[in-house]
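What follows is a set of structures for review.
Heads up, the next two complexes both have subunit A, just with different partners, subunit B and then subunit C.
Moving on, here comes the complex of A and B:
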């Protein structure tokens, strides 16, 4: 009797400890992971509401996490080779896409035949293609704009025409005048942030790697100029040093800085300061002057991916087809509400694009931005963008302090990158 | 009967044992195996000692090692010495309001690591309260870039860690001091010993085991330092560098980056973590050796000699 009780207890313990849940079954629920509550989360909610109206049997569960957490969670679960705990749909930043596709083969659903990819911007489709197969649904564009406070720049004596299609050197000179005449900073700037550097590189159609994916830092004139510009921006005193995202956005919202050069997704944050309505304007991104460079570039942007082994994969595909590759009105709504410039071409025109935006002094900014989007030189991000970023920025401090020449810095960065990616 | 009993005994502890085996022993062994592989996501290959060789030539690893070493060498001694002094002051029976001071000094230790780091980050931000204070009192004429200048940033990190951990160690010393009989102090006082003499000749020697313990714990803690540098650095994981000039890149932060920020290489990350294990083991042995009194060392030598003879 006693013995059996003991045995039962032990068994019960084991069951509770090791009681693995059974394989996941279809439960009519599509789980989505994304990170920005005012941007991609809000947009996904809009999409979910639209789909649930068509197909009431499906529930869409949108999980918000910090971007780093999404990546960490995805990495750990995929590396553990388990299918549990994975969502149906996950948002992945374009710079990171190839890393996931190449190193977790078989994890993402092959969507080549499910969507007509001619309907999407070509540079977005390239990012998610591996061995001729396409794995994602293109989402937002990171087309860059030079957003500025027209009132502050007017006070310093600059008209909209003076700010159009300028070079970064001109940008710095303008910044100096602004600082001198108005006391305002030209921009908020973190000298170890790679954002502006990636903007500069892509405007010249260059990246950190060659066609075979090998590091190509040495001899890369665009990179040399970008290094010089970083140092000039710091030395000229036109930048307010910021230490994180919130401080950086803060320099815009408090009116401390006169401009911000970033991806179109920043518009939502600019508009957060309602009292500045009518005071903003936008011009094309400055270009480099020592290499062939365009006044158009890209920063960030991300796309949706469907997990191949998720329970409701088919429902997820249907959802993406109906909304992200079918609902033109959806794209108009997210453009107006969230400032999201989609990359679904059939929806890239329409009323929302040509509507004058009072916040930007009546300019139809999205018409301009989508025109610039078509000019963005395509580059192959490869899989090691963040490694390259880290290697370059590790030397930036010394370059800005003047204790290291740019040539030496680039050599050191390339050596570090070589070691990092073996 | 006896056999049956011991069988049941094993049965009862088996859940705990199995848990330990699965969640502690297995990961330790598996990560050791991992340290000989190179992984990229789920593509993995056995590389033998290549990871360990790669470490020696890896500038990021060497930088992380150097940064951790600097923090260890500066922060731990300052912290332990000030903890000793604080404990000694608080141990004074004549001190009024001892309870309040004790609580106040220990209080930082109950704050969450993230919370206090964020707080320091705000205090020392470009237009934070520290800069405003310095400006308004005229000590500096332009705001200091605390968190964007490498040396100042390390200073802030060390200051934050001192604030958080000194009280914690003070309590260890205090409890050890209270185990020292008051009569010894009384006797010393009658013999005319000064405060400094009592501290150096009585308190310190009697505290030795505790000093050894806190030194080892702090060394281990610093070598595993993660939360503070991660949160103090610009934008945390999304930034290209961990703090200005990578000054916040500690070994644990590097492990995190290898796993989650870069192309995930769990194999190489395991190698770095094993190097931390080896360093901790080495330093601990060294500290035990240094912590032995000369008499103990002599006794040991004598024993060894006798053993040989």
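Moving on, here comes the complex of A and C:
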């Protein structure tokens, strides 16, 4: 009996000692959860410094984590339904945004009246809208560019004009010529990665789901053409097969492939190969040819969300209004320092956007890219983008090998997706 | 006959060389990688480069590596001491004392090993928030301090201990705590050393729970730092490799320091 009393006393002691030390002081502190030290976090630090200069009473604390870790933590805190341990602001990837908005209703602050959303790229606002209410602050764009090595393409006889506003079929034909005349691959390509497919789908304003969020793979002509293109890219031999992200980036850095079609954030990886300076150029992303499709698309990107029950919600909103929806100079700085293309349209006319980039042969690539950004067709990503991606890519190997027809593959993928999300 | 032995020897060595190569290769690559730039690593460069100093500067200037290392050492160190103390005593108690409920309670403890951590996570998080322990190292330590597996491990290795020694000590008038600390623990040194290594590595590598409860950058552990660094549009692989080297060092040092005891501990401490 005596022992258990001692035990209880010891526990009580511990709790008081550590409890007092652990109590979080939430006054005047905006906590932000984000990932990517050289991009999102560096940018948020810049924003924080600017805001703290205007409003010295507020301290902005940026917690650096991995992307998967932000998601894991957010899920745990929201599922536990506690208000302690909530950050004020959290970064969420666009493809996953609807999942959080729909799974945890009431957790994110309704910002519909707080920002003028006409100032942001339309496709980006759609991502964070649920039942007519807007819940986020649009951040970086994943506007897609067809980045290519102008020297290799010139050697194969192509000028910049020949590469503008082409279709994917033309892209493949150009690739064949490049392979024939220079021996270089047109692109590094992982045929089980859904990136290019998502680029193709969004350029047609289509996605894997219908308006009610139900899988809409069967009868989706954009998807059929994307499937065909994947097979053609593999069959034509213009692609260097890669197995992962590193190998894929490696094909650009080592000069093995002549182009990469990806989100604007890839520019950081392209520029990492300093010896290739001046040899790059960019054109609009190729479009689909059997459906109504634009030479503009998106891959990736993320946005900021404010937690409704966090202690300093109002300060956080003010911070986002002043910097992310007001400070044009901020957007120039992050473009120069981090290569970040914001989706705040008034900033896209700034000086940094029109500065010629020597790496890209003196082209002001960001001016072009932000012009294409406005053209990106808005798409509702729904809540199961990655699940749909996985279901489709599971069939890709068989389609590329020719052992399965595209119709069968799409049927199988839809069945798998239906199974998975029920 | 002799020839046969020689031939089989050759194959044995060949086999061992291949296996050790497979084991050592990731370490080799990790060390080589820490001296190269991201592009060289992506291109598959397998030889030492000249960017070690650069990576070193980035790691210690851009990231709070030293503090994070100390955080990990603190959490792991205190966890190990608590695990040895609590687990050792519990294992001793389960093995040496007689009680009717003992086996049932022991079985209940073992059952808890079957509950996956993912199901405990949210309730545990709620408890920790209620106790106001969020964002403290204590929250990480307290959860790992009691481990059913370690109790099981200790009890198993205590089975062969000759109880006569304990009875003799009791007859001589030693108290129960004195018997445990002055007689039992010293003679089971290698078991405790093995447990220390095992629990240190587990605690050093723990990831999910620290991720959930630690909130601020200053409280981070090495695993969280490495994971954060790799999540990037353009990861700095050289710096990440160096961070992994730094994070691996303590485990390697501890393992080599206790290696002899570790092997003995696995074999059993006291032989009759």
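Heads up, the rule we're going with is that the second predicted complex is superposed on the first by the 397 of 422 C-alpha atoms of A that agree within 3 Å, B and C clash if a C-alpha of one lies under 4 Å from a C-alpha of the other, contacts with A are read in each partner's own complex, and residues count from 1 in each chain.
As a working rule, a contact is a pair of C-beta atoms (placed from the backbone, for glycine too) under 8 Å apart; a residue touches a chain by one contact, two chains touch by 3 or more.
Quantities reported herein were computed from a predicted structural model and do not represent experimental measurements.
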Next item on the list: Identify the partner contact of A:290: answer first if only subunit B is touched, second if only subunit C is, both if each is, neither if none is.
Entry: neither
Notebook entry, point to check: With the two structures laid over each other on chain A, which partner does A:349 touch: subunit B (first), subunit C (second), both, or neither?
Noted result: neither
Notebook entry, point to check: With the two structures laid over each other on chain A, which partner does A:112 touch: subunit B (first), subunit C (second), both, or neither?
Noted result: neither
Next item on the list: Name the contact category of A:37: first (subunit B only), second (subunit C only), both, or neither.
Entry: second
Next item on the list: Return first, second, both or neither, reflecting whether A:67 touches subunit B, subunit C, both chains, or no partner chain.
Entry: both
Next item on the list: Kindly classify A:79 by the partners it touches after superposition: subunit B alone (first), subunit C alone (second), both, or neither?
Entry: both
Margin query: Quick check on my understanding: which residues of subunit A belong to both its subunit B contact set and its subunit C contact set?
Written below: 14, 67-68, 72, 79, 247
Notebook entry, point to check: Residues of subunit C touching subunit A in their complex?
Noted result: 38-39, 41-44, 62-63, 121-122, 125-126, 129, 131-136, 138-139, 142, 208, 211-212, 215-217, 224, 227-234, 236-237
Checklist line | Residues of subunit A touching subunit B in the complex | finding: 6, 10, 13-14, 17, 67-68, 71-72, 75, 78-79, 81, 99-100, 102-105, 107, 190-194, 240-245, 247, 383-384, 386-387, 389-390, 392-394, 396-398, 412, 415-416, 419-422
Next item on the list: Enumerate the contact residues on subunit A facing subunit C in the complex.
Entry: 14-15, 18-24, 31, 35-39, 61-69, 72-73, 76-77, 79-80, 82, 84-85, 246-247, 249-250, 253-254, 265-266, 268-269, 272-273
Margin query: Taking the touch rule as given, give the residues of subunit B at its contact with subunit A in the complex, in rising order.
Written below: 8, 11-12, 14-15, 18-19, 39-43, 54, 57-60, 63, 121, 125-126, 145, 147-148, 150, 234-241, 244-246, 257, 259-264, 266
